[in-house]
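Letters A, B, C and D mark the chains as written, and numbering starts fresh at 1 in each.
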Amino acid sequence: MKLGMIGLGRMGGNMARRLMAGGHEIVAYDRDQAAVDKLVADGATGASSLDDMRSRLGEQAIWWVMLPAGEITEQTVQAIADGGRAGDVVIDGGNSFYKDDIRRAKALREKDIDYVDVGTSGGVWGRERGYCMMIGGREEVLTRLDPIFETLAPGRGDIPRTPYDRPEADDWRAEKGFIHAGPAGSGHFVKMVHNGIEYGLMQAYAEGFDILKSKSSEHLPEDERFDLNLTDIAEVWRRGSVISSWLLDLTAIALAKDGMLEQFTGNVADSGEGQWTIDAAMEEKVPANVLTASLFARYRSRIEHTFGDKVLSAMRFGFGGHTEIPQ
Amino acid sequence: MKLGMIGLGRMGGNMARRLMAGGHEIVAYDRDQAAVDKLVADGATGASSLDDMRSRLGEQAIWWVMLPAGEITEQTVQAIADGGRAGDVVIDGGNSFYKDDIRRAKALREKDIDYVDVGTSGGVWGRERGYCMMIGGREEVLTRLDPIFETLAPGRGDIPRTPYDRPEADDWRAEKGFIHAGPAGSGHFVKMVHNGIEYGLMQAYAEGFDILKSKSSEHLPEDERFDLNLTDIAEVWRRGSVISSWLLDLTAIALAKDGMLEQFTGNVADSGEGQWTIDAAMEEKVPANVLTASLFARYRSRIEHTFGDKVLSAMRFGFGGHTEIPQ
Amino acid sequence: MKLGMIGLGRMGGNMARRLMAGGHEIVAYDRDQAAVDKLVADGATGASSLDDMRSRLGEQAIWWVMLPAGEITEQTVQAIADGGRAGDVVIDGGNSFYKDDIRRAKALREKDIDYVDVGTSGGVWGRERGYCMMIGGREEVLTRLDPIFETLAPGRGDIPRTPYDRPEADDWRAEKGFIHAGPAGSGHFVKMVHNGIEYGLMQAYAEGFDILKSKSSEHLPEDERFDLNLTDIAEVWRRGSVISSWLLDLTAIALAKDGMLEQFTGNVADSGEGQWTIDAAMEEKVPANVLTASLFARYRSRIEHTFGDKVLSAMRFGFGGHTEIPQ
Amino acid sequence: MKLGMIGLGRMGGNMARRLMAGGHEIVAYDRDQAAVDKLVADGATGASSLDDMRSRLGEQAIWWVMLPAGEITEQTVQAIADGGRAGDVVIDGGNSFYKDDIRRAKALREKDIDYVDVGTSGGVWGRERGYCMMIGGREEVLTRLDPIFETLAPGRGDIPRTPYDRPEADDWRAEKGFIHAGPAGSGHFVKMVHNGIEYGLMQAYAEGFDILKSKSSEHLPEDERFDLNLTDIAEVWRRGSVISSWLLDLTAIALAKDGMLEQFTGNVADSGEGQWTIDAAMEEKVPANVLTASLFARYRSRIEHTFGDKVLSAMRFGFGGHTEIPQ
């Protein structure tokens, strides 16, 4: 199929290459001409503007927008829609907030343009492993787009099949690594919760490894200290343990390079999706202590001392004359 | 009454003075002779050793041990018991772990020596305001000791009386500022939970003031920023609000000196009691998310970057090639 | 001063009565005519509609809107503004979201109408004790309204003064129980954080009393069980302890009626302000583990079993063949 | 090698069978004669008592104790040691507390008996997949026992190798699925933290799926509701996503049977290891909010209403006259 790819960064560029390798035809655009040139060298058709892309895509155009969530995605979707024709499909493959998807899909429907939101997991490994995709939109549009998604997805591979009490998964796509989650917005919603879970999983490992490492602390009684080899521990847990996972594999890779992780300072970023997951939990009144604590741990990692810490010290000084202890 | 005070630090010394002001007779001992001399100057009888104190206290001696919890308290109680006589009472007014109280009381009972544990709240303000005391031991011994506790306690004062559906509190002592909590160990147990609650209350204020202060952050949209006066806010909350408290009074005092609390670094200490409260919650299978988060916030305040933070960064680098953000 | 009170529920009615007792003139309106009649009997002038109220208030009218946050407050403010005249002041004394205040104030400014938001704490006790108020708006309007706020506020009373390193509080109002927090929206913002702290304080006490109560559990070793009198404990903590507070006073009152609190089921409601506080924390990237855990504890109190619990059981069955334990 | 297996439950029985399949010779004992008979039918030699086992094992006996942690393991280890001979090895393959291991190893060393603690993960799947083992003890003893552990472990299998910056893992065993963690106690310590992490991972998934499921709640605005298929979502996340893991595989299996998990009530048990992990975190002063929240979520799952919830309701009634909301 022919598809316009807008945004040729690490994600968009690699997806375009995987699609071309799968026989699809890519019209490529990026504000950075060098990025376009590189993809053209790999077989894509370059476009010099959205209008140029429109003329190259023809009727019933498929636009894949792969830009950072926020203003730039909003403007691009708007620009495509402004010049769009009935039957066009705009795919937002970035990390947009799902309520923006709901709003955009509604606006585009009035012009008979379809809006499809694709939440994508897989990171920099996706080009090789395939991209896990959670998709929101109308079923009949997805049916049209399935060949694209099948190429991008990891496929069944050698992952053991889940035993169903029915012939197969409810959505045949699930076993190939993508799903039709529901109407517009639901793809990014599922991806958002995916990232919320990701934060929780990561923090669980982080705390565990911290407890292992700190077991050598000289503040402990000498006969209760262990000087544990974290590299070996991550490695062994990959084999037959209940907590084996891809995130653990990545941890093992990092620890195999440096068991002390000294190249990292520990200032951990967070994206919007962690925060939105907590917003969703609060809207639904679902207690989500672990996902929230995981998000807050990241905030805390970037602060030397909170003002709250100082308030505690001030109170302690107030009632007990306690002075602060040196670190 | 006559009473031996062992340990004349900030707490023990002030309690002795409050007792003498109330007409009691104090025999005082401390490893630091200067501390003894100072109390003698204030009217106490000095003792040069535990044995010397024993001879000065006579039969049915009352020993008040006011030392740091741990080894030194353990040894002192042991030493008193070793030379003790039936009818003696050993009071541990420090912050001992309640299971140590249970064990000690059992051992001392075999010699007909009573063991009484007193959990004390009030800090450096106690000499003037009186000490809130939670007491474990046998009722008949408490009856004997009541005159001492009445002198130390704040008394009814001008605090509005709680309307009971019976003539008064179950334990008449409660309205005077001390209670017989139950058998040996229960005094320190109640005090331990008191401190656990204290951590939670403090952290709630700390987080709230942090949110108020950070509302001026330049990362927020300009028309949603407020540059709030924390000093005024603490002051106004003292008057008629639902969250007025003594801890808030102390916060107001600190903020009245410096609204930025710049003299404090924010390295917050924690004593054993916070940790023991969580141990108790786990033994009882009681979820205690707030008390635990409060304790952990203190640990975190003393660490620049946890190893766990680095594990997170390593994973993020692994799956997304994300580099760390500068602080 | 003359002031229109719209909304004569528990809060609005009591505030109107406190204002009249302080010499102010009240024009009263409520959709419920009976509520108007009752206030007229207490000395107010009744109004049959907003238009009627407008004619009775005259030029430079002061409107106090005391309605539930949300649609009804929004519509009422809009209706007042639609017929409003330059120099009018609209006060929102309810629990509106502060971003709504910012938006409304901006819209009303264009008509030279001032918008003032008042966050109020004190609950049903306010009529007697006075209302603690956090106020957002322009200073010159507050100056005009100060006589109203002084009447509503608790005043200095017999609460000990905070020692300042300057003659007095930065805002003279603070010691009287109200403050000018900043521009429109800041009053409700400070009140919102106040409620977030309130949740945290309450949960800290709740967990502590739970740990005390569960210490009698038969799952504990027999010689480590205590059957504690929670009523006495709440009472004694009111006197001289570090954790004395008004919320503890209320807890003591409740426990004085029934130490088991059997009239309560434990389904705990939460208002918008707890959730908004967490939203603010996330916008500011402030870790707020205690305030969040407090909010989530309330959600959890209203759910018999979460779906998450079932997911845990399903996994445990999956890897260990573990069956669920009966409660 | 010849080895005595004591305790033929689900774990011990399956391990014995895997060992026999690998060419080792098993002498089997259990208080339940039927369990012994079954294993004899599978090729083991039965023992009628520990003494009988001793005579069948001969010099330098290897004893594998596979019993529930606690009193029964303690007594059995003691009994073996009482009749033991220099050169014997006692292996505790259960879930003992690591401080018990340290104590036992020290006591047994005095008789020249070695003590080895093996933390085992893999659950009921271990017989087929192999057991992931974390082992504490002296290196020279481990060297002697390696053939046993190699048979029990999963081996390298088809799990992709971690790229080391050295020829291989620090401990050659790690890539085969077992490690020598350190001295006695360290095996169970690492396994304990493993379980702590397991709790955290499970709770992260649990909260995520709860947020997904509750997105269909009728309390949400109608155009923001999604009726998501959790079975498909679990399936798709297994393929190429960042959060794929064995626990997710198990969740997918459960959801493939019933997307509502209706056979489960949600009363989730917890073993000692979750609690001990938090104890270790507190001893080391490591903040572990996620692991703790995971443990507390399990406590909470087994309680209809906490007493703490009632305390909250009582306060709310006290300050606001709020009555409880029905569930």
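Assume a residue touches a chain if its C-beta (ideal position, glycine included) is under 8 Å from a C-beta of that chain, and two chains touch if they have at least 3 such contacts.
All of these numbers come straight from a predicted model, not from anything done at the bench.
Where touching is counted per the definition, the chains common to subunit A and subunit C are B, D. Taking the mean Cα position of each chain as its centre, B sits at the greatest distance from subunit A. Taking the mean of the C-alpha atoms as each chain's centre, subunit B and subunit C sit 31 Å apart.
If each chain is reduced to the centroid of its CA atoms, subunit A and subunit B end up 47 Å from each other. Counting partner chains per residue, subunit D has residues 123, 203, 205, 207, 210, 214, 242, 246-247, 253, 285-289, 293, 296-297, 300, 302-303, 306, 308, 319 touching two or more of them.
In terms of which chains touch, the assembly is arranged so that all chains touch all other chains. Those residues of subunit D lying in contact with subunit B across their complex are 242, 275, 278-279, 282, 285-289, 292-293, 295-297, 299-300, 302-303, 306, 308, 319.
Interface residues of subunit A, counted against subunit B in their complex, comprise 10, 123-125, 202-203, 205-207, 209-210, 213-214, 246-247, 250-251, 253-255, 261, 264-269, 289, 293, 297-298, 300-322, 324-327. Against subunit A, in their complex, subunit D makes its touches with residues 99, 102, 121-123, 126, 129-134, 153-157, 159-160, 162-165, 169-171, 173-179, 181-183, 185-186, 189-190, 193-194, 196-201, 203-205, 207-208, 210-212, 214-215, 217, 219-220, 223-224, 226-229, 231-233, 235-249, 252-253, 256-258, 277, 280-281, 283-291, 293-294, 296-297.
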